[in-house]
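In this document, chain identifiers A, B and C correspond to the written order of the chains, with residue numbering beginning at 1 in each.
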Amino acid sequence: MKKYKPITWFFLIMWAIAVLFPFYWMVLTSVKEYAAYNAEYIPTLFTTSPTIENYIYAFTEVDLGRYIWNTLIFTVITTALMVFVSILAAFAFARLDFPGKSLIFTGFLALMMIPTELVMITNFQTITELDLRNTFLGLILPSVTSVFYIYLLRENFAQIPDSLYYAAKIDGSSDWKFLWRVMVPMCRPTVVTITILKVIECWNSYIWPSLITDDPKYYLVSNGIQQIRESGFGRANIPAMMAAVVVISVPLIVLFLIYRKQIMSGVVRGGTKG
Amino acid sequence: MKIGLDHLTKSFPANGRKSKGKDVIAVDDFTFTIPDGKLVGLLGPSGCGKSTTLNMISGLLKPTSGKIYFGEHDVTDLPPEERGVGMVFQNYALYPHMTVEQNIRFPLENLKGKDKLSDEEMKKRVEEAARLVKIDELLDRKPGELSGGQQQRVAIARALVKLPRVLLLDEPLSNLDARLRLQTREEIRRIQQETGITTVFVTHDQDEAMSISDLIVVMKEGKVQQIDSPQKVYDDPANAFVAQFLGIPPINMFDGRIQDGKLWIGPDAVLAVEGLPDQQVAIGIRPEGFILAHDGHLKNKMVRTEVSGRDISILSTNPASRSPQVRSILSSDDLPFIKEGQADFDLKPRKVFLFEPESGKRLRGTLKPLDQTHTSSPEEVIEVELLEQAENR
Amino acid sequence: MKKYKGFLYLLPALAFLAVFLIYPLIDVFIYSFEEGYSSASQSYFGIGWYNYDYVLHDPYFTQALVNTVLLVVITVPLSTGFSLAIAFLLTRIEKLRSLFQTIYFLPYVTNTLAVGMVFMVLFKQTPYSEGVVNTLISWCGGEPVDFIEGPYWAKMFVLCFYTIWIVMPFKILILTSALASVNPMYYAAAKVDGTSSWRIFRKITLPLISPSVFYLVITGFIGAFKAYSDAVALFGTNLNANGMNTMVGYVFDMLYRDGGGYPSYASAAAILLFAIVLTITVINLMVSKKYTHYS
């Protein structure tokens, strides 16, 4: 066993470099001066005179601040709505009895197989017809539902012992109160998990926003960055572009470093990207 | 508050495939009035309907038919939250994310309208309840940090805090170890007597039921078998099931017959019977109903003895016994008289019960020793034996 | 009334699903059969297979199909294999393991578009700059090539490379936790029997984690078939002109972008995509049933 150790380390470090290098390069480039960067025919691996001018440029030349703000609003509202709607639905499936419950739940499970790409065409038409293009409503509404998260929550809710529900009934608690005072606090890890996964999903979403917004006032960061790439600074201003990339990448990376354990265990429990 | 159960019946739809399975009747036509302020134990093997009965009283289950009254008030259609009952669950069902204080407080926060309490009142009530069950020092802990016994107390406090009209306990002691169980059942008795709340509890453990109940309801397969005080249930069982279910070690069952005013087990006449015609009977003899006697009337084959210090058990066999071995419990003073091979007994009439062999219904006649002068001194036993032999000839 | 209380809780979710998932699902099928539908006039002149016929004969679609299939065939086995290797190597070290895990997971939380631009910068060759990757190639004595606007194989390479880079975190994480959940008892037993470590891996570890591996293969197939934003990040939105379009990209270009406004063609293409994904998933499931070991 022991003789393989150096090889093990070699490969692990190689992949770590492969992962980290793009991040390093993006930060490095973002602090290089425009002129200095363009003068390097052979790129240099470090810089002696870091500058923040690219960041200032990124915020002033394009409306990066607005894109971030838009994405923040979009992410917060979509996630909050999704969590609320999912909790209610999961509670109904896990705890309440109503006619046709198992039939409806089976239908739900079947819906999990439907790729969003398939329904986006009609949603695009619907939103266009409702005249909701270039509005937050149009961005948010189709992004709210997630059958998978309802399913994940329901599975967790169903594990709460019946006796707690009965105890709460005896204690005079309504279903509504039981849900928010007992169920949700007890399932907090799962609620946090789906919240985080949805936040990541929202922050990175590109296809739907790119369909539904063509007014830069409503651009999210993904569209903003695409806009910058296509025309924003002119193709050549790579350092400013990288500064923008850094700015929109940092929030999620910080979030990840804070909630590392929860995010990783949440993803293991059944998250898939997108 | 007395609790009236009026022809209470609960049936569940048959499970499994949609074959024409009959509904399962969990509780069958239960009529009884639980007197105010009493502690009543529902006792029976699992699946006998005792928990279903409790859940119907609490309102968690709706009866299929029949009525439930709290006092004169019909509560059959009231949901649990409007019945004003307190309930302690088998696994306590404490909310794991709340502290002990928040757990006890939770029912108070749900009070609405004119019952609504101010913050100070709630605090006072929580403290009172905590003091009653002696957990006032644990209020800041979470349930996960408490021992089983402490959790049990929290559950009781939570059930009592809203001053319920009825307290219901579902297997309250089954999750505790043996020592705590003894302690806690005393505690439940004390709390019940201090508060005077009409209390119903469910158990499969006869010891539990016997030791603290004012009244025991013995149930089997949804049907009430007997309702009586604990001692009466033991001393005067209504049928073979009750006789067999109560008592540790269990009662010994024999097949026998009544003939010529005597009770026969196999070839042995064991007691005189009055007031019953000749017939086949099932005979139950409590382990403590045996008297060791040289050439006693019941002649068993000795298997072995078990000594426990205070008393001894003799395990013997008899072809008429329904179980492989007959267990009799004797005083350890009898030890010197035990012989190899043979175990002959006389019977205490009060410890012998007769039943119909098929239905298990109790046959009430008068049982007496065959010879009133009979004692267990060896000479007399020989005399009796001689007499009997003479009679048989 | 109380009986229907459950519906009340379900209502918001049902409403959202009905409008944005169920209705569109039905609608997309209808669109795909309506010939010559026009967004502007909202009218069509016939019903039939014309849309499918058109799409299947559209060279852009063929190109997108080829690209997507290549991407799937290359990236799914490679990324799964690499992830398995790295997850396995991770179990052999103790120091710094959680640091490595954290680093390896980073790409998962990044914006695909944003980091894709970094890759573009790394791989691009311009008159002013050779780019990092080409510098490396020159050092090794190779011939520099423009990976972004150069030959097809170079563009395909960088697309595959980026896709693998982006999907590895999820796979490494799943496999690491699968490996961690293997009861060490089995290893101890095998060691006592004198089994070599490669044999232990092949005969014990791999069968035990095979459900996770198959899960990753299936989700990997589905994910790779739906690739789009990585291509946009690297090559820009005008993918058809670049010859680098994917099937999802084709659908959206038909729907909206330059030359868009053909929801019928888009619907037909989307349904074709869905049919392919469904077929492959079913095949995958059948294969995995045969080879997966559940403990």
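Of note:
Criterion: a residue touches a chain if its C-beta (ideal position, glycine included) is under 8 Å from a C-beta of that chain, and two chains touch if they have at least 3 such contacts.
Keep in mind it's a predicted model, so treat the numbers as computed, not measured.
Considering the contact criterion stated above, no chain is in touch with subunit A and with subunit B alike. A comparison of C-alpha centroids places A closest to the centre of the full protein. The most distant chain from subunit C is B, comparing centres defined as mean Cα coordinates. Inter-chain centre distance (subunit A to subunit B, centres taken as mean C-alpha positions): 60 Å. Subunit A and subunit C have centres, each the mean of its CA atoms, that are 17 Å apart. Centre-to-centre separation between subunit B and subunit C, using Cα means, comes to 65 Å.
Residue positions of subunit B touching 2 or more other chains: none.
Every residue of subunit A that touches subunit C in the complex is listed here, in rising order: 1, 4-5, 8-9, 11-12, 15-16, 18-20, 22-23, 25-26, 29, 37-38, 40-43, 84-86, 88-89, 91-93, 96-99, 101, 104, 111, 113-115, 117-126, 128, 141-142, 144-145, 147, 150, 175, 200, 203-204, 206-207, 210-211, 221-222, 225-226, 229-230, 236, 238, 241-242, 244-245, 248-249, 252-253, 255-257, 260, 263-264, 267-268, 272-274.
Of all residues in subunit C, only 3-7, 9-10, 12-14, 16-17, 19-25, 27-28, 31, 39, 82, 85-86, 89-90, 92-93, 100-115, 117-122, 128-132, 135, 165, 167-168, 170, 173-174, 177, 197, 219, 222-223, 226, 228-229, 232-233, 236-237, 248, 251-252, 255-256, 263, 266-267, 270-271, 273-274, 277-278 touch subunit A in the complex they form.
Listed in rising order, the residues of subunit A touching subunit B in the complex are 161, 163-164, 166-174, 177, 181-182, 185-186, 188. Partner subunit A is touched in their complex by these residues of subunit B: 55, 58-60, 79-82, 85-87, 89-91, 93-98, 106-107, 110-111, 158-159, 162.
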